[in-house]
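Note that the chains take the letters A, B and C in the order they are written out, and that residue 1 is the start of every chain.
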Amino acid sequence: MKSLGSIRRSFAPWNDPQARPYISFQNVTKRFADFTAVNNLSLDIYEREFFALLGASGCGKSTLLRMLAGFETPTSGRILLDGQDLSGIPPYKRPVNMMFQSYALFPHMTVEANIAFGLKQDGMPKAAIAERVAEMLKLARLEQFAKRKPHQLSGGQRQRVALARSVAKRPKVLLLDEPLGALDKKLREATQFELMDLQQDLGLTFVVVTHDQEEAMTMADRIAIMDKGQVMQVATPAEIYEAPASRFVADFVGSVNLLEGKVASRTGNSVVISGGSGAQISVENAGEAAPGAEVAFAIRPEKIRVSSKPPAEGHLNAMQGEVWDLAYLGDMTVYHIKLDDGQVVKASALNSARISDDPLTWSDRAWISFAPDAGVVLTR
Amino acid sequence: MQGQLSRFNIVALVLGFSFLYLPIVLLVIYSFNESRLVTVWGGFSTRWYSSLFSNRLLLDAAWVTARVAFVSATVATVLGTLAALALTRYTRFRGRFLFSGMVFAPLVMPEVITGLSLLLLFVAIGLDRGFLTIVLAHITFSMCFVAVVVQSRLISFDRSLEEAAMDLGATPFRTFIHVTLPVIMPAVVSGWMLAFTLSLDDLVIASFASGPGATTLPMRIYSQVRLGVTPEINAVCTLLIAVVTVGVLAAAIVNKRRDIQRQRDEQVAQRG
Amino acid sequence: MSQASAATRGGNVSAGQKTNGGTILSAILSRLVIIVPYLWLLVLFLAPFAIVFKISMSETTIAMPPYRPVFDWADGLAAFWGNLKQLSLENYLWLVDDPLYFNAYISSVTIAGISTFFALLVGYPMAYAMSRAPSSMRMGLLMLVILPFWTSFLIRVYAWIGILKPEGLLNQFLLWVGIIDTPLQIMNTNTAIYIGIVYSYLPFMVLPLYATLEKLDYSLIEAAQDLGSPPIAAFWKITFPLSLPGVVAGCLLVFIPAVGEFVIPDLLGGSTTLMIGKTLWTEFFGNRDWPVASAVAVILLLILVVPMMFFQRAQARAQEQER
């Protein structure tokens, strides 16, 4: 059997121009009485992909999921599943199943009956149902709880019942609405990997809605960052983090320094950005930014080096300031350096040695420096 | 929250509940009075109870009342549950305002008006007054109470249960039968009980709606009460109180037990 | 049809026929959910009011039914307009002319108002004490309030006759204690009616009050006291204003039915006590004057329409909040 890692390594249908999208949102808009939840959104999801919709609450991610499940009807636009238009098909005829945030386990049915519910609706023969239920119970490690009712289960067990119930029908697509939201932190981390294994084993397409970045980054092949009913960026977790497409995405995922400025000059693919107070930043691989453009230079705190001594001669990006604030977090220390031009920059340093011979502390003078390819230039 | 009741609160509770219960307790006590004079204690006796069972008029009336209450409560529960569903599930349809008005108005409508208007309807359409008209009248006003009880349960109902059922392939009708109805069943049952006792207790509406040959127990009691207080009526009333109290308490105990069992289950589940 | 194409697409979409039938069935049923109770209430609740209104403008006759013109569904619209011409406001003029009716309305509203006030006076401390009781006791106390509500109204009113009458238990007790030396005349007075109404409708007052007081966040009162407000002031400035929705609901639930009350004034009130429910009953069953009884009902309804709409709005708002 191939390892999970090797499958995921080579899995990138979105880069293949021949690949046909499995789920396709085409110019979908959903308006409620007083606000627009989803605004002219287009998005493609591929077969067997683990896809995450990430955004703050109210960004439209749940509405998108509910439209796919059939609980909401798009105001305009189309949703295609495997090439077929889903409009007009009620939820109970769609080959997608959903795992609800509240789990929505039927309180008056046993675990067994909950899992069998969807199979019964299809008119599956009794023996086949029993077999499938047994298989699902085994998969979810719930064999000894088969006769229990939902209120007799712990939170983690309920979550597994909900999952088993939603995959029992072998849906083409499994929709997961904040699947781990109700679990405590430890259980959540363990379950993330279980979900990934399950997705691989069953060969299903997963679409998961979450507001938890770490969860999305861990599990998803690709993430769509949503805001105000629109997709801000769709990319792999690494691309989202290292090459955000806009100030919003850079700021939304992880921690970032956004230094505003103008493109002063451009040579080939490299640019020099000058900030308001005249500080110059040299950037390689700077993308499309033309001279004179208002841009932001985005750099993650861990890519900035902090030191009490000036960096070696000839270092392109080096600035001086003082330690304004610092937070010791154990594995790393986060510095807030107030530069001489007044800007405050966050920088984090890994505490790789137990005792530092050159500890920086409040009000110390400090240098920050970073490589020309450590950050990105954002025009949006 | 706060564990201890202040003295003021204790006094308020003791006085309030004495006011609520003393008259009923006295009525029950004096139903066991040997003396024919209701307010003079003449020793313990159950003679009024035995004389009840030879009172044909009362027994007939009780039988009519029981049948009316059973039929009207059952139909009212169906209609009231439908009305509650319509009000909670369909936030906009033509005439919804009028509909919700018609559901809530009977709760506070003076009984004389309801009774009079129904009677005039029955006369206008030429329906002979009797068992059927009492049942129709009772259904009409008690379905609204059922609707309110069921509606309050439906408001707190987790809609994602229904969505889950439909997501798993159940049509809306099957979803209702297999998921919604079982979950709201306790409210439907208490709605039925409420409708039953409302019908059992009603005097005014039944007086308007009934005709010769259909006399309910409250009507019979009323006509005797007008003639004065007698130990025999005390006995009837005591029996009625006993029936209702036993019913309500039994339901409450069953519910309480279920809750306790549930809590215990949940604790066990949390531990492992 | 898109449903058919969905069914052919395999996966776990089940085969066509059965589910298609199910969809149509479901669609019809979902209409029936509204239509059946709607029609029922239209025919048996709203239509009767129209008839009451119409008969209130008819003339009294000695016949069965004792009024004219009689409705005849077969006559159709033309006859309806013909009927309309025969309608008169005579019964209403009669009501205005005769001070008996006017006084009955006034005294009904007064008696209901006074009783509502006393019900609030008795009910508020009870509801307050219940909401402050340890949570283990609350369900039991609530049960105790609801239980009388389940027992017959008639029986509960009847129980007071034995207590209030001149040789009744209350007078016996007071004489025995020595507070009075001649029996009090309470039975057949307005006082007896107040007692009867407060007693019968007390659960309607306590339940909505308890519901709002129970939801009240006790830390608000602690905050008020922490900021220097003594308990009594904290009650009037925090607890009472926040419980007003419950006060309004409770008062309306007592006041509205009390105005039209029949059993209580009939059994506990005296011959001089006028209440409109009793007047209506007498006109109808005693004098067999259906048109006048209908006119009495129409005016009673007009008096109650405003508080009823108030009640419905409060009800709707409470529901919105719970959503």
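Keep this in mind: a residue touches a chain if its C-beta (ideal position, glycine included) is under 8 Å from a C-beta of that chain, and two chains touch if they have at least 3 such contacts.
Bear in mind the structure is a predicted one, so any value in this text is a computation, not a measurement.
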Could you tell me between which two chains the number of C-beta pairs in contact is largest?
B-C
Which chain's C-alpha centroid is most distant from that of chain C?
A
Using CA atom averages as chain centres, what separation in Å is found between chain A and chain C?
56
Chain B and chain C have mean C-alpha positions lying a whole-number Å distance apart equal to 15
Show the residues in chain A shared as contacts by 2 or more other chains, in ascending order.
90, 92-94, 118, 121-122, 169
For chain B, write out the residues touching at least two other chains, lowest number first.
169, 171-172, 174
Each of the following residues of chain C touches two or more other chains, namely 12, 14, 19, 23
Going by the contact rule set out above, which residues of chain B touch chain A in the complex?
158, 160-161, 163-172, 174-175, 178-179, 182-183, 262, 265-266, 268-270, 272
Residue ranges of chain C touching chain B (in the complex, touch as defined):
12, 14, 19, 22-23, 25-26, 29-30, 32-34, 36-38, 40-49, 51-52, 55, 65, 70-71, 73, 122-123, 125-126, 128-130, 132-135, 139, 141, 143-148, 150-156, 158-163, 165, 167-169, 172, 199, 202, 206, 218, 252-253, 256-257, 259-263, 267, 277, 280-281, 284-285, 290, 293-294, 297, 300-301, 304, 308, 311-312, 315-316, 319, 322-323
Interfacial residue positions of chain B with respect to chain C in the complex
1-6, 8-10, 12-13, 16-17, 19-21, 23-24, 26-27, 30, 38-39, 79-80, 82-83, 85-86, 89-90, 93, 95, 98-106, 108-113, 116-118, 120-121, 123-125, 136-137, 139-140, 143, 147, 151, 155-156, 169, 171-174, 176, 194, 197, 200-201, 203-204, 207-208, 218, 221-222, 225-226, 229, 233-234, 237, 240-241, 244-245, 248-249, 252, 256
Where on chain A does chain B make contact in their complex?
69-71, 90-94, 96-98, 100-102, 104-108, 117-118, 121-122, 148-149, 151-154, 157, 165-166, 169
